[in-house]
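The following pair of complexes shares a single chain, chain A, combined with chain B in the former and chain C in the latter.
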Partner chain A sequence: MACKMLSIRKLNSSGALCCALLAALLVAGCSGGERRVDSGTAAGVLHWGNASEPASLDPQIANGVPEQKILSALWEGLVGKHPVTLEPIPAGASHWQISDDRRTYRFHLRSDARWSNGEPVTAEDYRWAWWRALQPELGNSFATMLFPIVNAQAYWRGEIDDFSQVGVRVVDPLTLEVELSHPTGYFLQLLDMPTLYPLHRASIERHGAATARASRWSYPGNLVSNGPFQLAEWQINRRIVVAKNPHYWDAAAVALNQIIFYPTENTTTEERMFRAGQLHYSYDVPVNKMAYYASQRPAELVVAPYLGSYFYRFNTRRPELADPRVRRALARAIDRRQLTEQVLRAGQLPAYAMTPPNTAGYYPPASAEAQLSFDPAAARALLAEAGYPDGAGLGPIEILYNTQDEHRKVAVAIQQMWKQHLNVDATLQNQEWKVYLDTERRGDYQITRASWIGDYVDARNFLEIWLCDSDNNRTGWCDPQFDQLLLEQLPAATSQAERHRLLQSAEQRLLDGLPLLPIYTYTSKHLVHPDLNGYTANLLNQPLFKQLSLVRQPPALTP
Partner chain B sequence: MSWALLQLIARRLATAAVLLVVVAAGTFALIHAAPGGPFSADRAVSAEVETALAAQYRLDQPPLLQFASYLGNALRGEFGPSFKYPGREVSELIAAGLPATLELALYALLLALVVGISVGALAASRPGTLRDRLPMGAALVGICLPAFVLGPLLVLVFGVYNEWLPVSGWGELAGDKLLPTVTLAAGYAAYIARLTRAGLREQLRQPYIVTARAKGLGGAAVILKHALRGALLPVVAYLGPACAGLIAGSFVVETIFQIPGIGRFYIQAAFNRDYTLILGLTLFFATLITLFNLLADLLALWLDPRQREAL
Partner chain C sequence: MARRVTYNLPLLLLAAIALACLLAPWLSPYPPAAQQLLLGAQPPSVAHWLGTDIFGRDLLTRLLYGGRLSLLVGLTATAVALLIGVSWGAVAGYVGGRLDAVMMRIVDTLYALPFVIFVVLMMVVFGRSLLLLFIAIGAVEWLTMARIVRAQVRAIVHSDYIEAARCLGLSRWQIVTRHILPNCAGPIIVYTTLTIPSVMLLEAFLSFLGLGVQPPDASWGLLINQGVETMEEYPWLLLYPALALTATLLCLNLVGDRLRDRLEGSAVGGDR
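Coming up: the complex of A and B.
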């Protein structure tokens, strides 16, 4: 129909050939008007923007967020997470018992849990998978998630070579017992991470050594998984299709027939795909499109708090930044509210600490905001006290960030604030991602942009990167008391309240030392088609695919 | 085929072989000099993992040894495993991306030739008139407008404001090959139009055309039967670089339209520091460019008797 609108009346002169060709191509190209989302909704096929081509679908090798999305459709851990509250919910295990000393967990597996080839899922499948996860040659960067288990870390380091000494025990085919080295409140959350998924040993060993990275066991036709969906198709850089797994124990409750994941690494293209009806869900929203969706199509824009912190690292080894008063002055001279409301404009929260507020009930010390809030006069006083009255003698200070428009905008705003309030000059330096990582790791910087996204909902996950010997610290800041709080006192805590008190003490020490400049707490932002039902944003930005469904909605009235 | 021609081909192939080794060495040196490695990530990887991975991919060996063994394998047609995608061979990735890239390049080349030559010929037939100035002006714009501007523009008009055509994909939705083809072809069509016009203007001044005209041949017949063959020589000479450019340069269009071609792999490989994939693709592109230039030269020999005699 639209094609007919292109009628060519003047078929003369030089344009004629062009027009004829274009017309011919257009006629050949007209799609008949149906949008992919509409046919998808009718057929129960979800079209999902997924950011990038997955490196691997081996749950113990893949470590990116896009991979994790696909893996969570294919697999299921012992315990899942509620899609709204993130509280533990039964998954591979129907129920479990925790010992009084909170160190021993006994999981009772579902008797009707099946692999996608129909075989039963047993406790041994979990034990074997965890053994594999702890083989360094596999290159599993999330093996540390198993370290709360007795002797897991020692086994990983090669200090013991008998896996039976690690605290994982198969009691009977449907019972798995796990012993932790000390009470770990967030242990149940870890069971939902890809590294702790069960694996089907026979199908892996059929395609090579158990720990071979280059194995093809996780390819279509070979991959055996235990989740609501099974791998149907993988076309490199084009699409990954997962189809409903008929053997899944809860298959009756799975509404979708297929999910198609697209590697949409270009967010601008992705947004156009969404607008043209090619996607039900976008992985991200370009910053410059936020205002349009917020005002014109608010029902499709989903913005929610996200468990991640955006901050700057101070290189405390640099003489000009070695004085905490200088760092505090820089931190107090930036107006975070102005940054989030006028520069970022996607609901981000100004941050005055490392840990996002309400991380599983934990809040950073109440005094944090007062200590770091925007106060130019106090900032100038601190700077003068440190020997740089009116900024004299300090700077220029370089802010290093990885090349991305959003980071540049934040850096430019901070540059202006420092100039205006402290009379300190800052220069901006951007580097390509891996160059930036290398520069930061070598400590060849003054201030770098950084972020940390929580793996699980617990404040320790945010604080542990500031331990003296953490490879993620990178600032040269080291506080033995901070280490002692996290490494010695925290494991011995006997109640949630005590634990939170200790975490707050540690965070307070971190904010006193201030190797970082907290800026904001992330939000996740997605475009979601009205047909998609059952989608709820959560703090980990982790959907529960088995609960999603597609229901045709009457088209919204556009003004 | 004459002896001189065979010699020429042999000489060119020998040069190409040396060139490829130099390209490989240069690329190898550059990627290893670039900061950051294939396994570096924001989240620090533990020392145990780092050692295990370096050993597995032989990154712990001296660079010269690494390069020597790479060359040895490449000669046997093995370009090694990808660093980023465990389990995938570089040759497998190239094979997976090549069809889309080749198809896109072929369509774009055909479109560019048809549009470029006809527009150029029409313009040359009436120099100085509106029929000349309008398309030539448009061609200038076409040359100047980069794909990353034209592509999104076409997408907005034809895909988003009017939902006539898909905004992305390749062979997934009906008509999704059209916009990428036009985007990629535009610059080449414009250049070919200008080349054709210039070549034709020159030919039309030659004595043999005057003779043909004097014999009573009409304007169209003169151009199509006589002048065009000579006028297309510059276009043919341009075909080699154009083909190479269409294949190696399609990454912008592939990125804009989410086309699963090798151009997109090339960009991702560079960002991922996927050493073997970068090397494999660079060698592949270098081979293509050399090959197409040779073919274009041979085609010119066939078209131009003067060049044949000069051999």
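Coming up: the complex of A and C.
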């Protein structure tokens, strides 16, 4: 127990030499005595590496992947996703009916669904949560997820004031009816998004205005949720503990007693924690360790395709980046193949568009690769054309990234590629996750590292963040025709082929405008302890925590 | 003879390291930031004497260029600390009374200021730059220097030979510079040689937080920091930068020891 929390933070407060010592201590010091994973397995406590300290646990404010993991343990939407196939499965609603025109959904809620304070979950809780999600002053980045619903967009824009005109109707306390403006194939998938989770109105209003961003309602002791777990403890930058929710309708099937989420920004430290028996699950695997695990401990390494794009945002409001030719030049000076094969080395695919290939059968426009592929000569020509011959007068350009060693590696490689091929200087700036998100939202940057992880399996999810008034756009780029394609033409599409064609035209417009610099398509890579049962990697990298369990495995025989 | 070698060896080694760092652009055939991604991390070889890092950059080159930054930070910041600290402490100690109280309370106040917050504030107000890094570190390190010098001066100021100098009609300036400061030289020099290493460590710490040196530039502290991440796979990335830093710091301490021995032998009594 002495080595309980010789954590990452310690490293910050001492010199680099001490880091080496501490790291050695961490590995050596924790090998004796009982390891945290062993006591965790015995007590049903899952130790989970979770990348970053969450910016918020309000489901309608939080918008990062680390937050999403914690929220999915605390809450449950109307419909869940099967952890392997990602097909919709009953969750808050036991069953539902879809009308013949595929526009009206009638959800029947479980009569035994309870909040973590024991009160029943009702249809009104969903309706009220969706009303809150559509209040512009809340600043919900995912409000667009509700736009398939009749009048939701108009309400969000302030064109109508009356929420009763929005297509959400409480039929009776256990029946919710939703009317969509167009048939939307992925609507059931949306219901599993944090923004569409039900909210417990009384507990929110007890701590301030319903739409206050800085409310204390989502703190331990205040937060009321309806999922398999409830929030027990939150120590900033140390851990977040969620404990089994005894009022959960399916509590009998929940095997874990607790999940402890740790912020693990440094993947090297995280891997050491895993090796020292401090974590059952790591959020990531450092590149240098991939070969070791693949050859020595293959059972613990899980690498899987991951529906996510890694890209850089250009701040198009900055004069030096306002010219699309400059942005294209920067994009064409990057050798993505070398980057993925030599620096990242975990099967990532070079990306030349926003949407990952084969997203529910959709492929980005075929010409995308030719337009953005590595071509230093073309890049130099574009730059000269834009008035910066041989990079003169442009830069230094600052790349902002959230503190993580892998992001730093990518940025260092790109920095040098720009210098070498374009003679453009770039500087690097790293910020802690919350600060970075805030800086990006304020538009106080030139280029930021960014990524988009699919919330549901559909290309629209990757394109809609580039809508003019999307809170996730953050680049100042706005193309009315792109908006029109996505918001007006796409919903009216009648066939899959037509839908894909429209998505492709929209993506083409995006790539013409180029507010982003596509870099690679993700793979998810984790270290998973053998004791952890019921875990399967899926395309969205979303585990179903209620199905996980911890069973002591006999230690492998060492020859 | 043996005595002289042990005295001079650290000085020679220090000079060699400093010279190598200074001449880095001429000594190394590789530019410090040039990447060879296809090469990746390689152990020491004939082409790359100390190996390469994960970007295929030559470690020896980066070490030499990093040394320039580390030594520059060490020397500049220490000079800043020396300049402010000695004059502040000497004035406070010599004048004494109310002025002394006020000056030392200012030092106490600055001591109480959390260093990292102070640096972050400076970065926010003035933007990030290397010069600022020097000033920020120097601005913190002079405090201890001021205290040490003041204590020394307080001890000396009432001694007979100072009284005698005063009676002979020497001005305050002459007394401080010719009689008091030379007698404080021992502690000052020892503390200075101790300050340089701590400044270099401080720089490593700030760079680690993203407040100091930024990629692709690297100081020794930063190289060590990144070497730690891969110490099991590529140990040379940690070993050589750590050796360079340790050797330099050790030499500095040995040189400091020697200087103190010398000065303590000759300085007392002052007027040379």
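Assorted remarks:
Basically, the second predicted complex is superposed on the first by the 324 of 559 C-alpha atoms of A that agree within 3 Å, B and C clash if a C-alpha of one lies under 4 Å from a C-alpha of the other, contacts with A are read in each partner's own complex, and residues count from 1 in each chain.
Keep in mind that, in the parts below, a contact is a pair of C-beta atoms (placed from the backbone, for glycine too) under 8 Å apart; a residue touches a chain by one contact, two chains touch by 3 or more.
Being a predicted model, the structure only gives us computed values, none of them experimental.
Residue contacts after overlaying the shared chain place A:216 against chain B, while chain C stays out of touching range.
Looking at the shared chain after the overlay, A:140 reaches chain B, while chain C stays out of its contact range.
Residue contacts after overlaying the shared chain place A:447 against neither chain B nor chain C. By the touch criterion defined above, A:437 reaches chain B but does not reach chain C. In the superposed model, A:237 makes contact with chain B only, not with chain C. Judged by the touch definition given at the top, the superposed model places A:268 against both chain B and chain C. Common to the chain B-facing and chain C-facing surfaces of chain A are residues 14-15, 17, 266, 268. Residues of chain C touching chain A in their complex: 33-35, 37-38, 40, 54-55, 128, 201-202, 204-205, 208-210, 214-216, 221-222, 224-225, 227-234, 238, 242, 245. The part of chain A that touches chain C in the complex is made up of residues 11-12, 14-17, 19-20, 23, 266, 268, 286-289, 292, 335, 338-339, 342-343, 403, 405, 408-409, 411-413, 415-416, 419-420, 427-431.
Per the touch definition, chain B reaches chain A in the complex via residues 34-37, 39-46, 48-49, 51-53, 56, 81, 84-88, 93, 96-97, 111, 114-115, 118-119, 122-123, 131, 134-135, 152, 155-156, 159-160, 162-170, 172-178, 181-182, 255-258, 260-261, 264-265, 268, 271, 273.
Residues 2-3, 13-15, 17-18, 21-22, 25-26, 28-33, 35-36, 52-53, 55-56, 58, 61, 63, 136-141, 143-144, 156-158, 213-216, 218-219, 235-239, 262-266, 268-269, 272-273, 275-278, 432-435, 437-439, 441, 451, 470-472 of chain A are the ones touching chain B in the complex.
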